[in-house]
Amino acid sequence: MSKKAQLYRTFKDKINSYWMLIWLILVVLTPFLIGFGLFYKSSLIFEEHSLTNLLFSTQWKPLAGKFGFYPFIVSSLLITILAVLISGPICLLAAINLTQYAKSFILKIMQPVIDILAGIPSVIYGVWGIIFVVPFISEDIAPLFGIETSGYNIFSAAIVLSIMIIPFILNILIDVFKAIPEALTEAALSLGATHWQTIKKVLLKKAFPGIISAFSLGISRAFGETIAVLMVAGNITKVPTNIFDAGYPLPALIANNYGEMLSVPLYDSALMLAALLLFIIVLIFNLFSRITIARFEKNM
Amino acid sequence: MKKIRKIEEIFFRSMALMSSILIIFALGLIIFSIIKKGFPALSWEMVSQTPKGGFYFGKEGGILNAIVGSLFLATGATFLALIIGLPVALYINVYLIKRVKLVNSIRFLLDVLWGVPSIVYGAFGFAVMIYFGLKTSLLAGIVVVTLFIIPIMVRAMDESLKLVPRGLLESASSLGATKTEIAFRVFLRQSFPALITATLLSFGRAIGDAAAVMFTAGFTDSIPQSLGQQSATLPLSIFFQLSSPIEEVKNRAYAAALVLTVIILIISILSRFLTKRFKKNIIKF
Amino acid sequence: MENQNIINIENLNLSIGKQHILKNINTSIPKNKITVILGPSGCGKTTLLKSLNRLTDLNPDVKITGKITIDDINIFNTNIDVTEIRRKMGLLAQRPYPLPTSIFNNVTFGLRISGRTNKKFLLPRVERYLKLANLWEEVKDRLHEPASRLSIGQQQRLCLARGLAVDPEIILADEPTSALDPISSAAIEERFIELKENYTVIMVTHILRQAKRIADNVIFMYLGEIIEQGTAEQVFENPQQEITKQYLRGSFY
């Protein structure tokens, strides 16, 4: 091979490695850029309000300069926790079924089902919520408790969310159960335990950190979900007292008000703070989930 | 005692099965609801015309603006993300082959980024645009959605690239290949079907996203003629029409939702089909 | 010249992290012979082989001291292009790793990356090297089929042809028959014996009988050290070291 061609190849390789490195750095820097950008935009509000005041005040009156995030935080928490409470056990049982009991044909159906559930856009879930969940809650469920509601409330939002987060929780749970060595369950089975006893006493115990990780990933997904929740939660600025009350979660607050925020002083700052809060809370749960799962895999 | 154990076994076993069936049922229910509500309102006019005067009061027109806008936006963002994401994924797996710890940290960071909600990207994009005095546009929407799908794309590609066996890397190196040649001629080919899946997955995310584009792409009744113009998107079109009190407008929202669902299902089927189609060159290890 | 050495290794030490894998390796490899590196699994044979064409560069935490010269060129010299060193040697791995492309493109990969893309130039070479690897008759009608469709024994011969096509001086083989059936293994061994006329073959193995069948020259390694080396006759008929004797008796593998 000619010397020149060889030189050209190594030169090309060098150049490629440089621009690819630069792109990698850009990609890695994005989250820091986002964090910094949101912090910079929201910092103005701290000049007039303290953080505790913002987080725990129930007064949200932008025109009067009052920015209390408490109702939104409570709504977000309620919806998220309820969604994971509904979704968690179902996913756990389904993962047990898929990894311990199921015939391979159910597994074959399940993988595309999970993929499609993950692929359906948020807005479609929202539409489904309006078509199906909202009337179902207001006409069938709430009357059972003697409650009258439009159906646009925390419970509806949680049901819609609980289905949206299934793929995320279930995928991790399946991986977790698959990571547990078969020898372990076989040992318990050969001691005469029934399959369920083995699952209960051996598998679930071993998988516990993985399960926690899956649920906290579910929490982080649920917390940031916007459009679907916005469409069914009701969006009334009031601290909800039960699950049949309308709620107004943080992402919905941002999405609903970005249009007017420029005309009211500090409003934009407050909404950017809401985005920053969302960013931080999601990151914390995500981080916790990833660390737990990494540890779990190391111990397997 | 034995009987109780047996009952317990049967109970939980059927609960586990029921849960799986429930999940499948939920998907079926969602698709059924969308079809049932959307299909009657669907017409050729809906998908072939832009909104005419009074469209939002139930008069004539369609959602072509949103369909085309969404396709433009998703195609642009997927293209940009591919240009950035593919080299990054290859770089991690070929050039950084020796830096195991660094690569693991990058994977960790991308995993964490994967969960950041799109509305945070949207708000960030909006903040930047205000700072520089920019108006909402198709381009702004594309850029923000690109940022949003890059971690998804890179990690999905990375998952398949990291399965390329070391022996293949060593073989290609032994033939005198440079890292560039190994990355683009060997790794790229070996993972090709998975890379297509990753790209289509990202496209699906881009076309379905509403929260990020809400802030950045704006909304308009006409089909955008340039990157600088505002652009409608399908999810937002659904969202806006559904908040109307007029029954006809709402019905069209359901039809639009059906259109979006069909697009997503087509992407899903296409990705399965293409994966099979391109598998023949892949060496199984 | 009859006993010319193509490779010289002086005081080679290699460690990965805290593990000392190769300890004070000193040896020479004669040209146009089959040199077999023999020893039980995990004794550093493969690492020694891979350090010859600097594949060890691809591993994290590898530290190397000492000197390896090939054709009197120090391969650790940072001024030379590692891809050029690697082209001097064709590698046959423990199992075949065909590239994810057609048979034709596999054989011509080394040529195409260096800019020789002319079909008229490539076609006769494909035939020549596939014949050298004794694969031509089986694949001549389906050169453009994916390599993945070949049997594993054919794949290994394809990898041999692909390695020969970059016109190397040396063939490095790392237990090249360990994934193959006996017939395919015999085919590879046969190839090596014919190829040594024009190439230097270095093969790692832990199969004693295979070593006896084809070796001209033997390097016996144990726990990262060279215990004994010499011609096949010397090492097999008249070993000097106790460990070698035990190994040859089959006391351990």
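Letters A, B and C mark the chains in the order given here, with residues in each chain numbered from 1 onward.
Convention: a residue touches a chain if its C-beta (ideal position, glycine included) is under 8 Å from a C-beta of that chain, and two chains touch if they have at least 3 such contacts.
All values derive from a computational prediction rather than experimental measurement.
Q: Looking only at C-beta pair counts, which chain-chain interface has the most contacts?
A: By contact count, the leading interface is A-B.
Q: Taking each chain's centre as the average of its Cα atoms, which chain lies closest to the overall Cα centroid?
A: B
Q: Please name the chain that ends up farthest from chain C once chain centres are defined by their CA atoms averaged.
A: The chain farthest from chain C, judged by C-alpha centres, is A.
Q: At what distance in angstrom does the C-alpha mean of chain C lie from that of chain B?
A: The computed centroid separation for chain B versus chain C comes out at 46 Å.
Q: When the centre of a chain is set as the mean of its C-alpha atoms, what distance in Å lies between chain A and chain B?
A: Result: the chain centres lie 16 Å from each other.
Q: So, what's the distance in Å between the C-alpha centres of chain C and chain A?
A: 52
Q: Would you please write down the residue numbers of chain B that are in contact with two or more other chains?
A: In chain B, residues 178, 181 touch at least two other chains, as defined above.
Q: Two or more other chains touching the same residue: where does that happen in chain C?
A: Counting only residues that touch two or more other chains, chain C contributes 83-84, 87, 113-114.
Q: For chain A, jot down the residues that touch at least 2 other chains.
A: 9-10
Q: Which part of chain A faces chain B closely enough to touch in the complex?
A: The touching residues are 9-10, 12-13, 16-17, 19-21, 23-24, 26-28, 30-31, 33-34, 37-38, 40-41, 89-94, 96-98, 100-102, 106, 109-110, 112-117, 119-128, 130-132, 163, 166, 170, 194-197, 199-200, 217, 220-221, 223-227, 231, 251, 254-255, 258, 262, 268, 271-272, 275, 278-279, 282-283, 285-287, 290, 294.
Q: Within the complex, which stretch of chain B touches chain A?
A: Residues 5-6, 8-9, 12-13, 15-20, 22-24, 26-27, 29-30, 33-34, 37, 84-85, 87-88, 90-92, 95, 106, 108-121, 123-124, 126-128, 130-131, 147, 150-151, 154, 178-181, 201, 204, 207-211, 214-215, 235-236, 238-239, 242, 253-254, 257, 260-261, 264-265, 267-268, 272.
Q: Residue numbers of chain C touching chain B in their complex, please.
A: 50, 53, 55, 57-60, 83-84, 86-87, 89-91, 93-95, 97-102, 109-110, 113-114, 146-148, 159, 162-163, 166, 172
Q: Once bound in the complex, which stretches of chain A touch chain C?
A: Its residues touching chain C are 1, 5-6, 9-10.
Q: What residues on chain C touch chain A, complex-wise?
A: Going through chain C, the ones touching chain A are 81, 83-84, 87, 113-116.
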